[in-house]
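Listed next: structures, encoded as structure tokens.
Same chain, two partners: chain A is paired with chain B first, then with chain C.
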Partner chain A sequence: MMFAVRSATVRFGQTLALDNVTVEVPGGSVIAVVGGDGAGKSTLLRALAGEVRLDSGTIEAPSKQRLGYLPASAGSWAALTVTQNIDFVAGIYGLAGDELTARRAELLSRASLTSAAGRLAAQLSGGMRRKLGFVMAVVHRPALLILDEPSTGIDPVSRIDLWRLVSEAAASGAAILMSTTYLDEAERAARLVVLDSGKILVQGSYDQVRAGFTGVVAQTSEPVRSEWAWRRGRVQHEYWPGGDPPAGATVVVPDLEDIVTALALAQRNAVLS
Partner chain B sequence: MIVKEFRELIRDRRTLGLLIMMPLLLLVIFGYAANFYVSSLKTAVVGPQASQVAATLPPFFNVTTMQSSGNRADAATLLQDNKVDVALVTGQAPVLALVNGSNLFAAQSAVAALDKAGNRVKTQVLYNPGLKTSWVMVPAIIGLILTFIGTIITSIGMVREREAGTLEQLAVMPIKPSRVILGKIAPYFLIASVDMIIVTVLGIVLFGVPFRGNPLPFALGAAIFLFVTLGLGVFISTISQTAGQAIQTAFFFLLPQILLSGMIFPLEAMAAGVRWIGYLLPLTYFTMISQGIMLRGAPISSLWLPFVVLMAMAVVVFTGATLRFRRDLAPGGPPGTARKEPAAAEAVGTA
Partner chain C sequence: MTAVQLRARHVTRRFGTFTAVHDVSMAVQPGEVVGLLGANGAGKTTLIRMLLGLLPVTSGSVELLDGPPDRQRRRRLGYVPQGLGLYGDLTVRENLSFSAQAYGVAEPMLPPALAARAGALVRELPLGAQRQVAFLAALAHSPEVLVLDEPTSGVDVLASASLWDTIRAQADHGAGVLVTTHYMQEAQQCDRLLLMSNGQLVAEGSEADIIGSTTAVAVHASDWAQAFAALDAAGAAVMLAGRAIRVANACPAELQQVLNAAGIQASLEAVPATIEERMLVLARAMDTS
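What follows is the complex of A and B.
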């Protein structure tokens, strides 16, 4: 089963939020959407979920009955307990009785939330609340799961828990489109979609993205062109699109963060020039 | 800091509107509407000497009905239907003056004016013989409470869903927008109904306010009125992003209802330029129904006008508000945007 956004363009007033974007989401795989703030990640996800009108393009998505969605917000009702949140959502999807009881217990156990079942969602930690949101998004076994920055703002341990849940969902056959600001997370996905200013800079597997990257990234303490440089820890990296760094520059093997940053700078500097 | 505050204020159109509109609104209301003095009384004169007695009345008594064949019962019916403030029954000495006590300020003015006639007139106040303010206020307060719950509490409850982002979740779930709206407003409808019953009973027990009419039309009027206020609450939620904005906006709707519905200042005493605002407000018509049924025991046939107006308001406001809310829940797509489900859907078991 393949779901997709094809040639999607979305405008919010004068702002072009998505510009002719095509992304395919095959079943059983995780597609990670990465990009900076305002890149269009949430708009892309919300378009696939049916929350945003396209100005042009097509959406191939399952019915609401087979769609799971975790928004960028808390994703649960603060004044309901963990159990009540799950039961409310499950009820909308028609789950009830023994089937619901078993499904709830299974998901709570996998998300390490069993002991918090009676607590109000408002009383959960950020990580626990995101895991609850995830559980609510998958309680009905959706064919397409859309996760908007599920791990933003939560601790590393909870991120590991969440990723385990995401991987299990993909292993069961769900198509998963998720946005993230953590590039180490994105590396684990089957495919990456790098967005900037509503445009796709590059997409493919991590290896494909790396292999397709042209130019050179050099490590420096004093960048020659500040508009092409960014800080990495205590040093700076500078992108040379033509592969022509100055003599003596220390060339580094770019990781995903370097690639995404370099491509975004190339796009912005091209726009400005 | 001052410049920063001004910049923020200029961009916060709602607060700016409140700051500019509120003084103007208060000035207009208290300048033109805050008037307890009733300049003329709608008067009926019935009985064999109706025309002679009417001719002797000062201009303060504006004779709108004259029935030479009428008697005391006819006069009482005119008062019960709220067609007149005073009904004079002739053909007896002294002349009997029946005063409509449910229109408090008109009744107070009428009693004061009739007292000047001395022994020639015997005055009898109906429906509120003690001219107690509480008797007139309690039926109106019931409407105010329904307005408060329906407008402010409902809009906050709806906006909270938007603030928490859960409205977005509901929008992608297989639940009809009509069910979401029904589920959101049903608790407020029930709570407001319970509150209405409690306030009505307390009004009767604590203040001795009578309930002379049929409770069924009263409940029907309250339900229709509640739909108007719930509709306003839903509408406010569609134009507010935060609970604070919802409260601010609800305040715009609530204040005129308190001051211009006739609940505090009599509509007849307001300047014509302000009075028409009162006739656009739902609380005006609910107050007519609640005072009519509770104090005068008026039948639904004599209250058809406020019922019809409230019904029309309920249809327009509630339908408009729910359509706006549906738009938030089901963004859909413009013509030409294709959204389709891939063929050959297979069962997928997410772990």
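What follows is the complex of A and C.
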């Protein structure tokens, strides 16, 4: 089973939100989309979910009955309880009776939400609400699961619950496309897609992306070229695309955060020059 | 200059039979950035709302700028709540103009990235840009105290680095800054940390003080998802860091047994624990109590 967005271009007025983007999402794997604000992450996800019309390109996605989508916003109804939210969505997909009871209990337990089953969604913490949104997106065992920043604003304990649910959905065969601003999460994906200004900067497995990265990242307290530097904790990192830092610079092994930031800066600085 | 920007003395807050904050004492001095850590629901936001005089205490006392947190003192405060407190249906310029007039100060200058979007409705901006606007609005009146609720949640790397430059500059000018967060990367930007769990202050000081006696083992397996599933099913306190699985307060020999039984090849390594692992250990202790 393979789903895909092929050669997709989307314009919003003057803005080119997606520029000839191709991403394949095979069954049983997690594909992570990363990139800064306005990079086009949500547009890509919404395109695959059939929520945005393409100006050109094609979409290969299952019918709505076999698709699960967690939008970046709440994803649940504040005035309904956790159980009511799940049952309402399950009803749309024709899930009822013993089958629903069993599926609901299983998901609530895996999401550590069992004790909150009778609570109104409005009274849940941010992390619990996000987990509820995930449960609602996955209740009908969709073949394609699209998750828009499922972990943003969630504490580390709830993030583990979420990853348990994500990896179980992938293990049972679902194709998963998710966006995230946390790059350590993206490392876990089978493939990652780095977007900037609607274009794919790089795409591949974490190892491929690392192997394809050229240039050098140096650690410094005083960057030489501020337009090539960014803050990492108490120090700054500076990218030398030609691999030629000044003598005595402390070169670091770049992690995914360094690589994505360096690529975005290279793109921006190339546009400006 | 005031002596203490924010202070709580034995503060407790109950909602009915539920105790949201229990006997918390803390302070923020001028020029320091203090990180308030804790899982969702630990009591961080309730404590902040009391410190700012937005919610009465059940017992204990709070001080803002050496006195009660009244309207006069709140004028000298900059607060960016998690919801940002902006008007989505107003433009960037209108939002900033509104808050500048409320404080009786000049409208702040827009940085180049925002200047191009001055006429855009706030709700149409990406989250990182919205946070920048909320910061500008909160800083226009040169506040002496800055309170920020998860300032860089959902913000990309470059935008979050620039927000932290702004926070640091405020502290360097003498402001006391209180930042709530549950991300290690934000915690590492702070001068001092406080950790709340279940409404109580359970640790304070440096990162090492917060981590305390928590230990961790890193598990490197070729298929992280398989190893995660096996250790998780065995009830271990699992965390994920990239593709490594980390287990808090675990015995390596027992983990090895679980992995062997599941037929998973993996290497184990004792590693320094993180703040997130301390938070996980606290959460699990709560679940079993």
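Here, the second predicted complex is superposed on the first by the 273 of 273 C-alpha atoms of A that agree within 3 Å, B and C clash if a C-alpha of one lies under 4 Å from a C-alpha of the other, contacts with A are read in each partner's own complex, and residues count from 1 in each chain.
The rule is simple: contacts are C-beta pairs under 8 Å (C-beta built on N, C-alpha and C of every residue); 3 or more make two chains touch, one makes a residue touch a chain.
Just so you know, these numbers come straight off a predicted model, no measurement behind them.
Once the shared chain is lined up, is A:D55 touching chain B (first), chain C (second), both, or neither of them?
It touches chain B, and chain C stays clear.
Looking at A:E257, would you say it contacts chain B, chain C, both, or neither? Reply first, second, both or neither.
second
Once chain A of both complexes is superposed, is A:S158 in touch with chain B (first), chain C (second), both, or neither?
After superposing on A, A:S158 lies in contact with chain C but is clear of chain B.
Contact-wise, after the overlay, does A:F3 reach chain B, chain C, both or neither (first, second, both, neither)?
first
Is A:A171 in contact with chain B, with chain C, with both, or with neither (first, second, both, neither)?
The answer is both, since A:A171 touches chain B and chain C.
Touching A:T15 in the superposition: chain B (first), chain C (second), both, neither?
In the superposed model, A:T15 contacts neither chain B nor chain C.
If we overlay the two complexes on their shared chain A, which of chain B and chain C does A:T214 touch? Say first, second, both or neither.
Touch status of A:T214: no partner.
For chain A, give the residues common to its interface with chain B and its interface with chain C.
Common interface on chain A, chain B vs chain C: 168, 171.
Quick check: in the complex, which residue numbers of chain A touch chain B?
Residues of chain A touching chain B: 1-3, 27, 46, 49-69, 71-78, 89, 92-93, 110, 136, 138, 141-143, 145, 168-169, 171-174.
Which residues of chain C touch chain A in the complex?
Result: residues 38-41, 82, 126-129, 150, 153-159, 161-162, 164-165, 182, 185, 188-189, 224-225, 228-229, 232, 238-243, 276, 279-280, 283 of chain C touch chain A.
Going by the contact rule set out above, which residues of chain B touch chain A in the complex?
My answer: residues 164-166, 168-169, 171-175, 331-334, 336-342, 344-346, 348-351.
If we count contacts the way the header does, which residues on chain A are in touch with chain C in the complex?
Answer in residue numbers: 35-39, 125-128, 149, 152-160, 163-164, 167-168, 170-171, 181, 183-185, 187-188, 206, 230-234, 256-257, 260-261, 264-265.
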